[in-house]
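Below, subunit A partners subunit B and then partners subunit C, in two separate complexes.
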Partner chain A sequence: MATHVLIVDDEPSIAMSLEFIMKKQGYETDVVDDGAKALQRIEETRPDVVLLDVMLPSHDGFEVCRRIREREEWDELKVLMITAKGREEDVKKGLAMGADGYVTKPFAIKDVVARVEQLLT
Partner chain B sequence: MLQGGLILAASFVYLGLLFAVAYYGDRRADAGRSIISNPYFYALSLAVYCTAWTFYGSVGRAASTGLDFLTIYLGPTILAPLWWLIVRKMIRVSKRQRITSIADFIASRYGKSAVLGGAVTIVAVAGIVPYIALQLKAISTSFTVASTYPDTAALTNAGGAAVPLLADTALYVALLLALFTVLFGARHLDASERHEGMVAAVAFESLVKLVAFLAVGLFVTFGLYQGFGDLFSRAAERADLRALMTLEPSASVFGEWAWLSFLSMLAILFLPRQFQVAVVENVNEQHLKKGIWLFPLYLILINIFVLPIALAGMMYFPDGTVEADMFVLALPLESEQPLLAVLVFIGGLSAATAMVIVATTALATMVCNDLVMPVLLRTKALRLQERTQLTGLLLGIRRSSIVVVLLLSFIYFRMVEGHYTLVSIGLISFAAVAQFAPAILGGLYWKRGTHAGALWGLLAGFLVWAYTLPAPSFAEAGLLPHSFVEEGPWGWAFLHPHALFGLDGWSPVAHGLFWSLLVNVGLYVGLSFKTQPTAVEHSQARAFVDALPVSSRATVWRGQASVTELRQLLSRFLGHRAATQGLKRFANAQGIDTTQPTWEDHLPANARLMHHAEKLLTGAIGSASAHVVVGSVVNAEPLNLEEVMDILDETQQMIAHSRELERKKRELEQATQRLQAANAKLQELDRLKDDFISTVTHELRTPLTSIRAFSEIMYDNPDLSAEQRQEFLEVIIKEEERLTRLINQVLDLQKLEAEPMTVKVEPVSLRTIIDEAVQAMSQQMEAAGVTCTVEVPDEEPGTVEGDRDRLKQVLLNLLSNAFKFCDDTDGRIVVTLRSRAEDVQIDVADNGPGIDLDEQDSIFERFQQARSKARAGSSGSGLGLTIAQRIILEHNGDIWVESTPGEGATFSFTVPRTHATDPTGDGAPATPDPTASDSSPATSPIT
Partner chain C sequence: MDPSGPSSLRGALLQSLLEALPEGALVLNPDTRVLAYNERAEALLQWIGPADASAAPQEGLEGVKAATLLDAHLLHDTLAEVPSSGGQEGSRTGATFAMTGREGRVLRVQARHTEDTEAPWLLLMERSDDTDRPRRAREHFLRTLTEGMRGPLANVRAAIETITAYPSMESAVEEQFKQIILEQSVTLSAHLDRTLEEYSRQLKSRRTRDVMVASDLLALLRTALQQELGFVVHTAAPEKPVRLRVDPYTLVQALVHLAGLIENAARFTELTCALRPSDTGAVLTLEWAQGEAITEDRLERWLTQQLALEDSVVTTTVQEVLDWHDATAAIIQQEDNRAALQVQLPDT
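So, the complex of A and B:
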């Protein structure tokens, strides 16, 4: 079964680029644009990886991450935070909330790809 | 007999010498090396108390009434120990309040009353003029005696009314003394009214008269007789002389002694000349300590030979051919001792001139400062208040006063002389100045004493004095009906001036003193209880009564200050030199070698140094201020209430200064608060700036991320389909546009904030602006199928004053905002212009999703946008509304939003018809708090 990646970003162009990249890697993709929808979609589709933007409408990325980690049955779910560069506190916060890794915006495609692969092995 | 010329020559030589002493004293004082800053000079200057009355009159009194001449010296001697309390307090108060005369002292105590000062001056002049007359009489009589003796015929005529005015020696004596007094006491003006040269001369004169009197005493006792034993035993052979040497122990004698001693106690304190030398001219209150025992010693020395001379005189001139007052001079003349006679004459002259110079100077100061100047200053026609230089005028008044006082004395002398002995005239003067006692002593020790009590007590006491003492002497001189002294006025015995209300059997002086003081004290106390002191009186009462601190403040300093700080402080108030000298004195007292260049480093920064600094400063700025000032550099405890009250009370001027100080302190506190507020605001701005930068970088990062991502995708995937490539390039272009827009708006905002007041004010038609803005957007809106309607009343230009370009920017921002959020399928925008008398309102309404109530408040803040609801592909920078708000606020208008979620939003703004400049005028951007405006729900703009 193909790896399923959920992309959570409210910027359509960024979501679009991530989707293209993930598809190119042969992953199944799904895109939502806010935190509440993200949680709902996880419940429905049980993705393997979530690419999670921090600045989101409704629940922000941290909140989504925290809620994911509250659910024992989602233990296997890998969370990769996409944060702004230069905001080290965001990185720390994300990791404290249980994120498995992070990439900073603007990102290089190979970094995102490498990070996702690393989480899946 | 001596040659008149010789006597004159001797007199002039002596007066020349005196003037040299005074001149030297003044020069030394100017050079800052005072010669009178010496307790012996001070004690000797106090002996100005001993006048010609002492020199000649004591013998006269002894010859007629025996030992009671001593009462005049007994009083001061008994009182002397108390000077440390009373006189020191007077000195302390006078220095602090810059008091220059006894009139000033009393006036100052009772609320700086000009009326009271004038009253005291009048009483003093009336009381002292006879006393000065007495000196004139002494000089002229002694001159006559010395130059004519033993021509008894001339003697009986001496100074008599028969002598024509212009032939009267006393007239020339008066004029000469006036000249001398002007030279000594009114040569120049001094703010402190201190006359060091005069004091030096007076001290010198005290020495001369003592030496002269002792010389004649020794000559009589040991030259004419073989010592005291021989003299007294020979005198005892005569019954009339034996009576002089003994005291009849009777109630009336003791009563008389008590009254006269009491009178002289008051006189030594309150005679204007004593006040002058003891208080005004005092250099250092520690000198009083020596004066307390040296002055009584002086009195004893000058009185030792009074009785022997009197007895010898009685035996030498048994027939009364020589007035007893002139025994001192007649005895050496009779014994053909011309040198001794000249010495005696000079001694008498020195006693008289010292008194005349000091008393006249003191009186002239009072007449000028407390009588003439207040009247002149109130006489508006003279416009004295506007003159900056009054020195010449003051000096003129001062000198005229001296001449007038001496001429008055001369007139008095001509009127009543011959009817009274020296002593009687002196006692009348004593009784006059005794009228100051209630006001001064009460003023120094009783805070309740009021102006009304002091004034009416003084005036009533003075009237009773005039009625009981000088009036009878006028009657006896024939100036009033003689019956006045024999039967009382109109024959009313109960008003007899020497037996008021039947109080008979007392000497006139004791009688007059009793009644005048009774009335004076009665009114003083009574009225003081009846009247309320004013605020000034109250504070002055405190300043006077509490002048002597109960304990030294040396221990108050618990804190520490650095020597450098104290040093700077002293230099600031005293000048560099005086500060160094002051510190050096302290260092020397501490045993520090001040020849070393680093001596200041060895000064201990302890409480004693602080106390010393405080004392140094007290001379310059008063003790309370000094305490405060020193306190300012000491890390000491805050002032307590008592100390604050002390400061407030010290003088009215000090109060003014304190108020000034207080005001400055408040200003300082306010400035500090403003500074703190400004600082807080700066910090807030700093934080906002950080937030802003953080947000801007985030907003920049989003399009950058997209551009980068798609560029990389296209680079990595050359096999992309043409459509996909086209799609991705479109994204890149859009994102780049977004980036450009954002940067432009950041720059716009930056510019708005950097140059907030650069609104160009010109008449602008908002109608035209709407048309232009809609025109600019039309293509874009048409492409998206959005319709835009403009509703403007016919012919209404909607003219306001403002900046055309900026107002257009506002409209563009609102239009693009509306475009961004209006309905996806059937977008409609309505722009409405409403014209009112005072302003023009423009509404831009869209039919989009609307804005939640909680978002409405913050919609104008930077980067606040309902982003998820924006029309796809039309993301804004989040700065448009912020910029619009800034511009509108700069135009003193309002901007706000009304929206019901789901039914679109309406952004409205108003621009006043006329552009008022910022009413606060502080140069700050015109950003009235929009929360204060009920028409604008927007929150405070970020500045």
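So, the complex of A and C:
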């Protein structure tokens, strides 16, 4: 079964690129555009990796990450936060909420692919 | 709303916006009670000291009447004159006042009207002598600029990299990516223009004249003269309340500079500062026992000497500060071998 990547970003442009590239890498993908939908989709589809934007409608990425980590049954789920907030305290906050990695925009697409592969090994 | 615990999405978004502001911010409800505030507002209100010490909140500001935190009369009058956000007031977006607190500290308060009926007032506060303001404004500018660029730039970069990595993609998909590049480039340009325009506006409005009670200005001048020049300063405040529109920090620095030059020539150790109402505003008088006579020519030279204000990167002159206040200065020779500098200040 293909590895499932959930892309959570309210910016369709970046979501389109990420989805395209992940599919080309052989991943099964799914895209949602807000925090509440992300939690619901995780419940429904149990993805392996979540590419999680920080600035989201409803719950922000930090809050989504915190709620993911509250659920023991989602322990195996890898969370890579993707954000326009590049300050050190934002990175620390993301990691403190339980993210497995943090990528700052603008990023190289191949770096995101590499980070996902790294998280899955 | 407690800054550490916003309870709703709207509240969380508002709190994030407030915390990103370089100024202290209070959001008020129609009854002028505090609905939301940022940490800087709390720090500034502690710095200035409570307007009504007995009413000072023990914990947090939420629900506190703004009139107990700030000068009640100035706040009331300022809110009454704030143009509505949709009004025909040209470029005016708010009204300001300055209030003094303990140890001659001056707080600048700008009141703005919002379109939110539940939160119709926004008060932005900063120290009038805030030498740290340019640095914070630069940091705010850089953060706004970079964070606002990261998103569109990421979209452009990802689209270009995707097209490059997969040159044989379907032409319809490639067209979509090209459209992203075009749209996001436009977004990027607009963000740059908007951010630069905002920063430029901030720089231009860096110093403004605020409504201030004359006796507060006098107290501020006295403190500055004593601290900077070591004079014994006597003051005489007007018997009835007079309000002026001044930038207290700049005006006081200019007057202290001028008083220093006069003292150097006239060799006095005591100064009497008085403020009395006049037909066109108020007259500020700095009076001393006559030493060497100060001629008008000499005063003219002093007024046009370069003066470096503490929080500015550009120099100015006392005359420029006076002109900006629509004020005039003259030396008056008085009876009993006394002389005085008279500064005519217009009313509000």
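Please note the rule applied: the second predicted complex is superposed on the first by the 120 of 121 C-alpha atoms of A that agree within 3 Å, B and C clash if a C-alpha of one lies under 4 Å from a C-alpha of the other, contacts with A are read in each partner's own complex, and residues count from 1 in each chain.
Keep in mind that, in the parts below, a residue touches a chain if its C-beta (ideal position, glycine included) is under 8 Å from a C-beta of that chain, and two chains touch if they have at least 3 such contacts.
This one's a predicted model, so the numbers in the text were calculated from it and none came from an experiment.
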| item | value |
| --- | --- |
| First (subunit B), second (subunit C), both or neither touched by A:Lys105 | both |
| Touching partner for A:Lys24 - first (subunit B), second (subunit C), both, neither | both |
| Partner chain(s) touched by A:Asp10 [first = subunit B, second = subunit C, both, neither] | first |
| Shared subunit A surface residues [contacts with subunit B and with subunit C] | 11, 13-14, 16-18, 20-21, 24, 57, 84-87, 105-109 |
| Touching residues on subunit A, where the partner in the complex is subunit B | 10-14, 16-18, 20-21, 24, 33-34, 55, 57, 84-87, 105-109 |
| Residues of subunit C touching subunit A in the complex | 9, 12, 143, 146-148, 150-151, 153-159, 161-162, 165-166, 169, 173, 176-177, 180, 183-184 |
| Sites on subunit B touched by subunit A in the complex | 694, 697-698, 701-710, 712-713, 716-717, 731, 734-735, 867-868, 872-873 |
| Touch list for subunit A against partner subunit C, complex | 11, 13-14, 16-18, 20-21, 24, 57-58, 60, 84-87, 104-110 |
